[in-house]
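Okay, handing you the structure first.
Chains here go by letter, A, B and C, matching the order in which they are written, and residues are numbered from 1 within each.
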Amino acid sequence: MQELVRALDLRPRRTWRGTKNMIMTVLLGGSVVVVAVPLVLVMVSVFAKGGSILFAHFPKFLTADIPPTRVAGPGMGPAIVGTLMITGMATLIAVPLGVMGAIYLHEYGGQSKFARLVRFMAMVMTGVPSIVMGLFIYVVWTLNFKLQGFGGALALACLMLPIVINASEQMLKLVPHSLREASYALGATKARTVLTIVLPAASSGIVSGSLLAVARAAGETAPLLFTIGATRVLNTSLFHGDDTALSARIFENAKEAVANAQERGWGAALALVLLTFTLTVIARVITAFATRRK
Amino acid sequence: MTGKPDLRGKGQLADKAFGGLAVGAAALVLLILALIAVTMTNRARPVLGHMGLDFFTSSTWSEHDNIFGALPFIWGTVYTAVIAVTLAVPVSLGVALFITQIAPVWLKRPLVYLIDLLAVVPSVVFGLWGVLMLAPHLNRSFLTAGIILAIMIVPIITSLAREVIETTAQADKEAAYALGATRWEMIMAAVIPHSKGGLVGAVMLGLGRAMGETIAAALVIGSSAQIALSPFKSGDSMPAVIANQWGEASDLQKSALIGLAVTLFVMTIVVNLIANRIVQRSMQKSRGA
Amino acid sequence: MVVDSAKTPAPTVAKPVVRTNAPSVPEMRPSMVDALMAAPTVYEISNLDVFYGAYKAVRGVNMTIRKNQITAFIGPSGCGKTTVLRCLNRMNDLIPGARIEGSVMYHGVDLYAPDVSATEVRRRIGMVFQKPNPFPKSIYDNIAYGPRINGISDKRRLDEIVEKSLRSAALWDEVKDRLKSSALGMSGGQQQRLCIARTIAVEPEVVLMDEPCSALDPIATARVEDLMRELKEKYTIVIVTHNMQQAARTSDCTAFYTAELDKAGQRFGQLVEFDITAKIFSNPSDIRTENYITGRFG
């Protein structure tokens, strides 16, 4: 009887293997902590330091012009307007072109040589550093048309284009082919089918993908450095005169040794973070809403 | 039926125009890339004419003497990227493994959101934090830049690593468990061998991204054109020097900076191409299996 | 062995030979046969071969489809029934690499002539698919989609068309109070009847149906079959079906397809026999047809 019990002893035992497993589990969990730490530190700094100027001087911070470097006081109005206008214009350029490009790839090109080349090049284009895009637009546009907000918009649009194409093509793939067949069988042309059946069906995915691209563009600095110039006052035109944006402003102020400028930099960082987070959250909400409806 | 039906159809103009628009939009991608290559190389020609191949091999960069050698910056770009990847990869891999293998179901989504959050923070904000909060303690150096870059590329490597790891066949994992393996042993036996290829690709994508990252590096790298082996020395990288020196650059200097941009362009594209090939090949293999 | 199916079936039908397992069909008087044969021709298919790339998937189809009749394509899976059906409204154009040799004449016009617009063809020849595929729009917008393509935008006319089509599809009473609700909220049988209503809303001449009942339960199937008999008065119907009894019950003429292997060992689809339904099911000329309908294979 005793031998039988010993042979069936299945209680967990302390072994080196078990300990090693536990150590590795802790290490893996630790890596999550390691990732969380800088995120938390950065967010705390941004909200604490940025909040102290943004909320304390609300809404002046958001509307007033930018004071000179050494002067104390809030004011990021021109940068906020600049970011919104430049990013907005970039979106107006990149999203329709990107969606049309995706339409070509999925509805017309398929696996043809040209379509495969475009898909490949779009993938290459996502890897182009943003500073290269900025210099490129400087060379082809700014040298001819001077520093202006629109140049920055063009540079951002070049960054957004491959992202929108990629995301949109994935969404088009998800639309069942049977819907297209039903439309064609009723005598609809390809253009009508795409515009009235396919795009509406893919719309939520395309919108959320585009919003993510917009959030990315709003945060970009390098493309703007060479194309929009710099200014402290509000510029409501994208085509005349220097412009500024939150990202460029943060970069400038980060380089300053003056506390006042740095303080405004944190405030601008908070504004920018709030903007990108909001766009991202809206995009996720749209995705969640769409999948729940299905 | 009176007479034959006319099946020729009326003006298909709108349909053809739409198709044309679509082709045009797609061709824009090719056009832009070609333009980048052509116009930028063109603009870099003055400095290449002036320096010849020394542009890539000389380590002197002096505006006053009109000598522009890119080597320190090529070194800085590669070195900081390598530091970044060295720091980021273990962490990213750990997070990816944790999320896919260890985390309970209710924890997975929040963790993925956490990583996404990291990806959404604009690089300039990281740069601001780095220069105002980190640099005072660590000084501006290759290492500081590497740390900031590492933080920024962790989300990319993690999400791609997650994708690759999740293609591990359930059957392989169960085989390991059935033989009495602990979870870590199963990971080493089933998940890692399967994902090796894809993980290498993910790492290279992170490398490419780190090489091209301008702003964070520009703020904390120290901006001194020296080739140093110690990570604690300050240095410079291609994107950083372009961003920092552009404002007051002479014409020839601008040409040199554009030359740097072209060099960066080529380097990052090569790295990205290799990375994508590796990732695609590993995805194909796993699907075939 | 009948290889080439007759273009004009025999004018008289022999006394039905009783066979076990074959679906039963009502007896046909010679006058009824004459009436069927006298109906005007809608489609004249001659020596039709269908290629997917280099692969000749369907070979040598010859048949005549006549007005206001129900023609059924029957046969085991994978022998070209759907392929030939989709040639009748050029839906095969959507498959890359698909092409035909031979001719498909529609009221004397070659459907595949270079100056023929496929879009125009599909406006006149409608199609109902195997799995119901309503658009993710309201019931009203699903039906109105076709008329809107044809340029009808007047709300009152559209309302009339929607009501008329839904009545014809025996769906009006069930949905008249929720026309603006999503079509996806309906049951499978209702969705398929919606697809039929959508197809006839543009007043096509021909309605092609690709196994329209295979995704439906028996009650929904019966309703669709009743619908087909009513629709026959206005439209010419060609239906692909796996259900022999359905073909025997509803169709006037039946085409039996089978799959063969050629000398190279490649599978291809072939039309074996085309005749009046009563004859196919009571006294088929080809032994393959007889085997199929008596259930000895397929």
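In this text, contacts are C-beta pairs under 8 Å (C-beta built on N, C-alpha and C of every residue); 3 or more make two chains touch, one makes a residue touch a chain.
Predicted model, so just to flag it, every value in this text is computed and none were measured.
Undergrad: Using the definition of touching given at the top, classify the network of chains in this structure as line, ring, star, complete or other.
TA: complete
Undergrad: Which chain would you call central, comparing Cα centres to the global Cα centre?
TA: A
Undergrad: Select, from A-C and A-B, the pair of chains that is joined by more C-beta pairs in contact.
TA: The greater number of contacts lies at A-B.
Undergrad: Rounded to a whole Å, what is the gap between the Cα centroids of subunit B and subunit C?
TA: Subunit B and subunit C have C-alpha centres separated by 55 Å.
Undergrad: In whole angstrom, what separates the CA-based centres of subunit A and subunit C?
TA: It comes to 51 Å between the two C-alpha centres.
Undergrad: Need the CA-centroid distance for the pair subunit A / subunit B, whole Å please.
TA: Subunit A and subunit B have C-alpha centres separated by 15 Å.
Undergrad: By residue number and range, which residues of subunit B touch two or more other chains?
TA: Where subunit B meets two or more other chains at a single residue, that happens at 12, 15.
Undergrad: Check each residue of subunit C and list the ones that touch at least two other chains.
TA: 119-121, 124
Undergrad: Hunt down the residues of subunit A that sit against at least two other chains at once, touch-wise.
TA: 189, 192
Undergrad: Spell out the part of subunit B that touches subunit C in their complex, as residue ranges.
TA: 1, 4-5, 7-9, 12, 15
Undergrad: Which of the residues in subunit C come into contact with subunit A in the complex?
TA: Checking each residue of subunit C against subunit A gives 89, 91, 94, 96, 119-124, 126-127, 129, 131, 133-137, 145-146, 149-150, 195, 198-199, 202.
Undergrad: Spell out the part of subunit A that touches subunit C in their complex, as residue ranges.
TA: 110, 176, 178-189, 192, 196-197, 200-201
Undergrad: Please give the residue numbers of subunit A that touch subunit B in the complex, ascending.
TA: Checking each residue of subunit A against subunit B gives 17-18, 20-21, 24-25, 27-32, 34-36, 38-39, 41-42, 45-46, 97-98, 100-101, 103-105, 107-109, 114-115, 117-118, 121-125, 127-133, 135-136, 139-140, 158, 161-162, 165, 189-192, 194-195, 215, 218-222, 225-226, 247, 250-251, 253-255, 262, 265-266, 269, 272-273, 276-277, 280.
Undergrad: Report the residues of subunit C in contact with subunit B in the complex, numbered from low to high.
TA: Contacts found on subunit C: 40, 106-109, 111, 113, 115-117, 119-121, 124.
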